[in-house]
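Common to both upcoming complexes is subunit A, partnered first by subunit B, then by subunit C.
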Partner chain A sequence: MTAALRETLGVLAAMPGVRAALAATTSDGLPAATVAAIDVDADALAAFATAVLTRTRRANASAGYGDTRHLSLDAEHGRLFVATEGELALVVLAERDVAAGLVRVALQRALRNIQ
Partner chain B sequence: MTRSVAPWLDAPLSEFVRQARVSLAVALESSGRVLAQHGFTRSLDVMSVCSLVAAIHASGSELGRQANGAPFGPLHHSGPGRQVFLAPVSTASGTVLLLAVFDDRTSLGVVRHFFGTFAQSLSRVSADEVSSGPMTGDFERDLGRNLAVLFGRA
Partner chain C sequence: MAADRVQAWKDELARDTSSAVFLPLVDALRRMGRLDEARRYALRGLEHHPHLAGAHDALARVMADLGDEAQARDEWQFALRLDAGHQASLRGLGFLAYKRRDLATAEQLLARALHANPSDDGLATALRRVRSELRGAEQPAAVETRAVPPRVIRRTAADEARRLFAPLLGDGDRTALLLDHDGLVLAGTYLDGDGRDVAEEIGAHLSGLAEEATRALEHLGLGRWQSMLVEAQHATVGLAPGLEGSVVMVAAARDTQVGLVRRMLSQACQRAATWMGVAA
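Here is the complex of A and B:
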């Protein structure tokens, strides 16, 4: 793991309400680096978050909406955020009441930092 | 459609194929004798795939022993359109090899995850269930009969 990536994930994971932050490759759905505040199955999180992203991308492209750069999924007990640039995806798993706007901004900033 | 000659493999392999969204899957003994398959339409394909998988596994295991002190684990090869995932699973009666072929409808991460579930399912199968498979000890005869069963000719 590069120092920049570790630092970036550390900043994301330290945000209030964030359970885990990881970087994954979008094509194979494998985790590249993980920082978790609680026990999280990083392999499963990377696999499913990138799978959701890939399908959403295809749906949006089919609908003529262009590329998908950010994905937010709200569930009963938590939220999933995925932001992507090229082959890399940043994934944040958070509590339901996390400040979603702040996470979104932090993810975009994080992507810029590690480019 | 998943077909097998080993009833204890039916549900785990069907679930693996469905959840991991792989297009082809075959489970076999490390000798190359086929136990179950999904997605193949010709027995000749299954026979050649099983031979190749058994050879790859044997080579990889021996290379692992020499280079690593222990057999290597799962193997993944990626092509321009399709990818293969090959991994051994320990069962009560020995090693079962699983080969899965998949495309961009799924990913290596997803396939690996559901392979873990598949392996867990097989680890819970008792020796009695595993040994109930119809094997005579004659490799050619068993292989021929298993292929016939898998392709509805028996």
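Here is the complex of A and C:
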């Protein structure tokens, strides 16, 4: 894990309401680096986030909508955010009442920082 | 705004009745569901451009949306007489053949269309699907002799399903779709940037999504999934679970506010639930 990536994930994980921040490669769904609360299954999170991302990417490509850049999923007890550029996906798992707009901006900034 | 563009094209045609802007105008009107108007402009355009394959394609698409597949087929065949490699016409005829379960013809036409534009991923997906079904079709004769309801009744039901979300979508670049738990299209349309309905391809890519999300989110302790927003380069897409494992999707041009897409999604879910209750 590079220092820049570690620092980036640390910043994301320190946001109020965020339970996990990880970087994963979209081709295999494996986490490359993780900063997460102890009760979060980072492997499962990375696998699920990248799988959903891959499906929606293909669907968007079929529809001619271009590259998929950001994804957010609302569930009963939490929210999932994914920002992607090329093969890299940054994933954030957060509480239900997290400030979604702030997370979105932070993810976009984080992607720029580590490119 | 789409409405402004439509008016500009109409103005242009009023100034110059032979202008080629009838092509995007017809397409825009068709996508808005204003099919009678689209047909009028397509016919007027054809009067001035009878030897333009694209003009016949434009009318064919409108007729296909109106449910008049016979005239749509005639127009696409005429377009191919003018331009044997006209990709949109090959594609249109291919999808008509697929709809009537003439898989061999569909495969042939879609393959020719893909040959004309090998970079068309959506078409490649459709062709793979047709070929897969073709391999699995053990008794094609049985399909042909299967009893079907009267044509007019099928058309009405199909139109109703296709237009399920039309009242929600307004006149912008928006589209909506309802998929069953296997990713098969139940209702609505899903249009790409060229106005082509890619609903079946989208469904194929998203089949099993609801189940996968349910399993994974349960494992992660997040409970049921409620909605998803996906921002792509040219569109924002919203998805939400519907009744019986179905998935509701809406998409809007990228400049549409994300909050508005979320609202459209919520309304589409309500409409889909009502429709499925009635349809059941």
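Points to keep in mind about this one:
Note that in this section the second predicted complex is superposed on the first by the 114 of 115 C-alpha atoms of A that agree within 3 Å, B and C clash if a C-alpha of one lies under 4 Å from a C-alpha of the other, contacts with A are read in each partner's own complex, and residues count from 1 in each chain.
Keep in mind that, in the parts below, a residue touches a chain if its C-beta (ideal position, glycine included) is under 8 Å from a C-beta of that chain, and two chains touch if they have at least 3 such contacts.
Values in this document were obtained by computation on a predicted structure and should not be read as measured data.
With both complexes brought onto subunit A, simultaneous placement of subunit B and subunit C is permitted, the two fitting side by side without a clash. Of the two partner chains placed by superposition, only subunit C is touched by A:80; subunit B is not.
By the touch criterion stated above, A:65 is placed in contact with subunit C alone, subunit B being left untouched.
After overlaying the two complexes on the shared chain, residue contacts for A:6 are found with neither subunit B nor subunit C. Between subunit B and subunit C, it is C that contacts the larger number of residues in subunit A. Once both structures are fitted onto chain A, a short way to say it is that subunit B and subunit C open up an angle of 80° at subunit A, using Cα centres and rounding to the nearest 10. By the touch criterion defined above, A:24 reaches subunit B but does not reach subunit C. With both structures placed on the common chain, the touch criterion links A:51 to subunit B and to subunit C.
In the superposed pair of complexes, A:43 makes contact with subunit B only, with no contact to subunit C.
After superposing the two complexes on chain A, the shortest C-alpha to C-alpha distance between subunit B and subunit C comes to 8 Å. In the superposition on chain A, the residues of subunit A touched by subunit B in one structure and by subunit C in the other are 44, 47-48, 51. Per the touch definition, subunit C reaches subunit A in the complex via residues 121-122, 125, 190-194, 198, 201-202, 205-206, 209, 212-213, 216-217, 219-235, 237, 239, 251. Partner subunit C is touched in their complex by these residues of subunit A: 39-41, 44-45, 47-48, 51-52, 55-56, 58-78, 80, 93.
Residues 78, 104, 106-110, 112-113 of subunit B touch subunit A in their complex.
Those residues of subunit A that touch subunit B in the shared complex are 24, 27-31, 43-44, 46-48, 50-51, 54.
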